[in-house]
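In this document, chain identifiers A, B and C correspond to the written order of the chains, with residue numbering beginning at 1 in each.
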Amino acid sequence: MEIEAGTSKKQDATNADTNPFEIIEQKILALAQARPKGISDKDLIIEMPDLPTVQRAQIINKLLSQGHFDLFKQGGSLLYRLRDPSKAKIAKGADNEEKIVYSIIEEAGNKGIWIRDIRFKSNLMPTQLSKILKSLEIKKFIKAVKSVAASKKKVYMLYNLEPDTSVTGGAWYQDQDFEAEFVDVLNQQCYRFLEKKREQMNSCRGGPIMARNVTFASSKEVWKFISDLGISKVKLSVEDLEMILNTLVYDGKVERTLSGDGSILYRAIEPLLDSPGLIKSTCGVCPVRKHCCDIGDVTPTKCQYITEWLE
Amino acid sequence: MSVMCRKLCSSILFEHFGQIVQCVAEDLFKHGARPLELIRYATQLPLTKVKEALCVLIKHGFVRYSQAEKGLEFSLIYENVLLVLRYPKYMFFVKTMCGDESEMILEEVLMNGYITASEVITKAYKKIEQSPSGLQPSVPVLKEKFELLVKNQFLIHTVEERRNEKPDFILPNLNLTAIIKKIEGDNNSDPGDSKIYWKVNFDRLIQDLRDQIIVSAIRRRLDENAGELMRQLIFLMYLRTASWAHTSNPIPLTEIKEAVKKTNYPLLTHHVDQYLHLIEEDSSQFLKRVGDSGGGQFSVNMKEAFEQLAWATLENIVMERFGSKAARIFRLVRDKKYIEQEQIQQLAMIPAKEAKHLTYTLLQENYIQMQEMKKSGVSAAPIKTFFLFHIDLNVVVYMEVEHCYHALYNIMQRREYEVNSNKRMIDKQLRMQTLTTNLKEHGATEEQLAEVLTKPLQSNYLQIADMMTPSEKQQLDKVQNTIKKLGITELQIDDTLFLLTMYLRYH
Amino acid sequence: MAGRGRGRGKSSMSISAEQLGFAKGETLPPPVLQPPLKYPLLEYKPLPLNITTELSYLFELKKGYAEYMRESPNNVLPIVVKKDIERYSDRYQDLITDKSSYEIRYDWSRMPVELKRQLRKRKKQKLESPKKKQKHIDVESKLRELEKKESSQQSDIEEEEKEEEETEEKDDEQVEEEEEELDEEMDEGTDYANNYFDNGEGYDDEDDNLDDGPIY
């Protein structure tokens, strides 16, 4: 959308060289673009005090008639809002249904939207909707992207958008397949790195706080370590690695803290407790506990798990 | 009170006090406070037996009685029954704090419910005399140890229930010569403390076990020095705070330094500020800085500590029951408070299908909870429903407490079963032990003993047929190991139960 | 049917296959044709039990305590019916069980007197009956005494009060005892015929079902 807006601006700019009227027009358009909520006459007077009122009205009327502006009334004053140039574009060769579908897809941004949700929102019949979608696709207004969230589902988004990582899955996906093993390896390697750092504290002689500080590593440090290992085929970003480090936090093995300069620090930690006694008994991990009582097939005296465990 | 808890209490009572006491307590468990007549009617036991059982239960603190409209009513204090599971830990704790004799004294008190000082000293004396522990029995030493127990508030006066007395720790004036005379068999001597009874102060011991958990958690998380500092902080907490307060009143830094100086931890003394900083900064949140006056004021936060410990326990349980990926999801939900399925798989970085499966397993087993949210969108569009996962800590803790009850009950039942199905052999071994001690008492030498035990056919003794064959001996060893393993497991499960109970006490 | 007429296309089930994570067209797992195993294979084994010396010691304490309690008079034993044959184990039992009445083991200033048992012993019932009558007479004579005292209106109020209290107390106790005796007589016939012990299984039947079902 931004790209298109840019191109239309360029066109305006080239025309502006020849016509002073066009320069003012372009200026007003730029002002309106800076205020997506709309611009009032008052704003225009403040911004362009030299512009005569008559001339301003002429230009505004021209822009309105050309479909650049939408007119709004808010709090007693009129507001001019820049109409989306791409929408303006579609307005030419499309019917109402196409416009509705287009705006629904546009609203979904780069996360995309499922066909079912478009149907619900537009209230269109499935056959009609798929026709419209096909037409929009051919005109390269929109595109269908396979989502990693559900392998067989496509989401629609505007043609020029870069799909969100929630759709592509980012570095962790290859052709919509989550690379679980790759993630696990990285998880282990990151932990190994942080654990090594923790071991250094034993040789630290500068007091307990200094010893603890030795164990911290910034995400960048870990990123560098992983990059140097060369285990990744794809180039990982620091953010990618922070995702991995966060899984270690959720594993309870690592703690995350914000440092004074805003970077995120990680360190390996020891858990507060030994494993609880309950899970040292078969009854602690028993999958059929709900069926276990004094009578029937699953009883403490007949229990095969206990028998096996006692052997 | 749950069915499982009732069954567990019932098993505990059966193991220690037999069927009649179990039966009477079971009745009280089911019906709450009720008079003698109704108990007798429901249990169908002879009245004298009901009375006798109630006496036992009252003396051990499991039953209390109160005057109701139509006479006395008896009610069960099930919490006290559950304490029996922990008696060995109390004895061991007292042993490490006050020595072997103190442990024996405490054991005697536990065996009697309540008892006078002179009596418990007499009993302990006789026990030491008979035991091969190598301790020398001495009345003055035992008296000293008794006083040590009282000083530490491990023992407390019993008070009569009907009067509104406050229990205290005032020591009686004991006539030591009278006690010695009594031990020698003179029943007429008066040690001077008749009717002054002592019982175990469980509240004190529960706090001590609680403190041990806190100290060892800090020791694990940081190091030995930090653990010791935590111990000192708890000690300072006692000086200024009511027993079960959620947080301690502020402890000034100067006092902490003073206390630490007296310990034998030079590194700690040197870095006390740094260690305080570390404990305070740790995510466990056991300690909070609450003021800056006098170099800093610190407050121990027991409530928060047990919340953290309960979480750690649950995380561990999930880990061992459903694997590390499930534990990751559990922690993630805890961290995010409310989270959608999609976010779970993204943040936990687990393939969608596996993540869903694990999330629903946790949901099904009630380790996480689900909340339905309705979000109204455009008026024409249908209302969008989405589901948020979260964890209700109290719900999960209660569930795990039940889990502990169930596991304890099961393991006890199994132990009982293993004992019963090998009863013949265990009895036989018991008889042999009696025989050997008898022979020893009659001056048999080791060789003679060996002869009797290995060549049964030549022996004149009645128990000829009872001698054990090697395979029987092997079998017996196996049974004893089984029973030991089960017994130790009970102790371990009780640790978890204790921790979770502590959490509930604060929340 | 309530589900009818809701329009087509939308399944009336509250959860669709898609919500369960199955994409359209994806093969659903085959239907389960077998009952689940009673003891399915354990996916996760319990953690190993590390038996430290401390735990062994704790176990000895636990075992020692339980054994002591079980063999002590705290274990309330049923009234034993004389057996024809004396067994070795009986002798053993005799050694460890305090046969004397439980009453002497308690300080009754600390126990509800209600829990005392009457002095009479089952076997000596015949011997006891005259005693009982005596007791009865005793009460009556006391009552008479009391009446006399009341009518004579002694001036020493303090003393009177004191005595009254005493007699009252005694009266109470006696009345109580008599009541108890009555009870005892009532069971007498059924005592032995009845099996007054739970075999340890009976109590499960009642509310057990409660914890069988899943808790939501």
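What we mean here is this: a residue touches a chain if its C-beta (ideal position, glycine included) is under 8 Å from a C-beta of that chain, and two chains touch if they have at least 3 such contacts.
By chain, UniProt protein names: A = DNA-directed RNA polymerase III subunit RPC6; B = DNA-directed RNA polymerase III subunit RPC3; C = DNA-directed RNA polymerase III subunit RPC7-like.
In this text, all values refer to a predicted model and were calculated from it rather than measured experimentally.
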| item | value |
| --- | --- |
| Geometric centre: closest chain by C-alpha means | B |
| Most widely separated chain from chain A, with each centre as the mean of CA atoms | C |
| Averaged-CA centre spacing for the pair chain C and chain A, given as whole angstrom | 64 |
| Distance between the centres, which are taken as Cα means, of chain B and chain A, whole angstrom | 51 |
| Centre distance in Å when chain B and chain C are each reduced to the mean of their C-alpha atoms | 23 |
| Contacts with 2+ other chains: residues of chain B | 320-321, 352, 485, 489, 491-492 |
| Set of chain A residues in contact with two or more other chains | 150, 275, 279-281, 284-285, 294, 303 |
| Two or more partner chains touched - positions in chain C | 43-44, 46-47, 49, 204, 208, 211 |
| Interface residues, chain C side, partner chain A - complex | 23-26, 38-40, 42-49, 201, 204, 208, 211-214 |
| Touching residues on chain B, where the partner in the complex is chain C | 2-4, 7, 10, 14-21, 23, 26, 36-37, 40, 43-49, 51-56, 58-60, 65, 71-72, 87-89, 91-92, 107, 110-111, 158, 160, 195, 197, 320-323, 352-353, 356-357, 366, 399, 427, 431, 434, 484-485, 487-492 |
| Complex contacts: residues of chain A adjacent to chain B | 120-121, 123, 148-150, 166, 172, 178, 180, 183, 187, 207-209, 212, 243-244, 246-247, 249-252, 255, 269-281, 283-285, 289, 292, 294, 299-301, 303, 306, 310 |
| Contact set on chain C toward chain B in their complex | 21, 43-44, 46-47, 49, 51, 54-59, 61-63, 65-66, 68-70, 72, 74-79, 88-89, 92, 102, 105-107, 109-112, 114-117, 180, 183-184, 187, 191, 194, 196-198, 200, 203-204, 207-208, 210-211, 215-216 |
| Chain B - residues contacting chain A, complex | 217, 220-223, 225-226, 271, 274-275, 277-278, 283-284, 308-309, 312-313, 315-317, 320-321, 324, 327-329, 331-332, 335, 342, 346-352, 354, 377-378, 380-382, 400, 403-404, 406-407, 409-411, 413-414, 417, 482, 485-486, 489, 491-497, 499 |
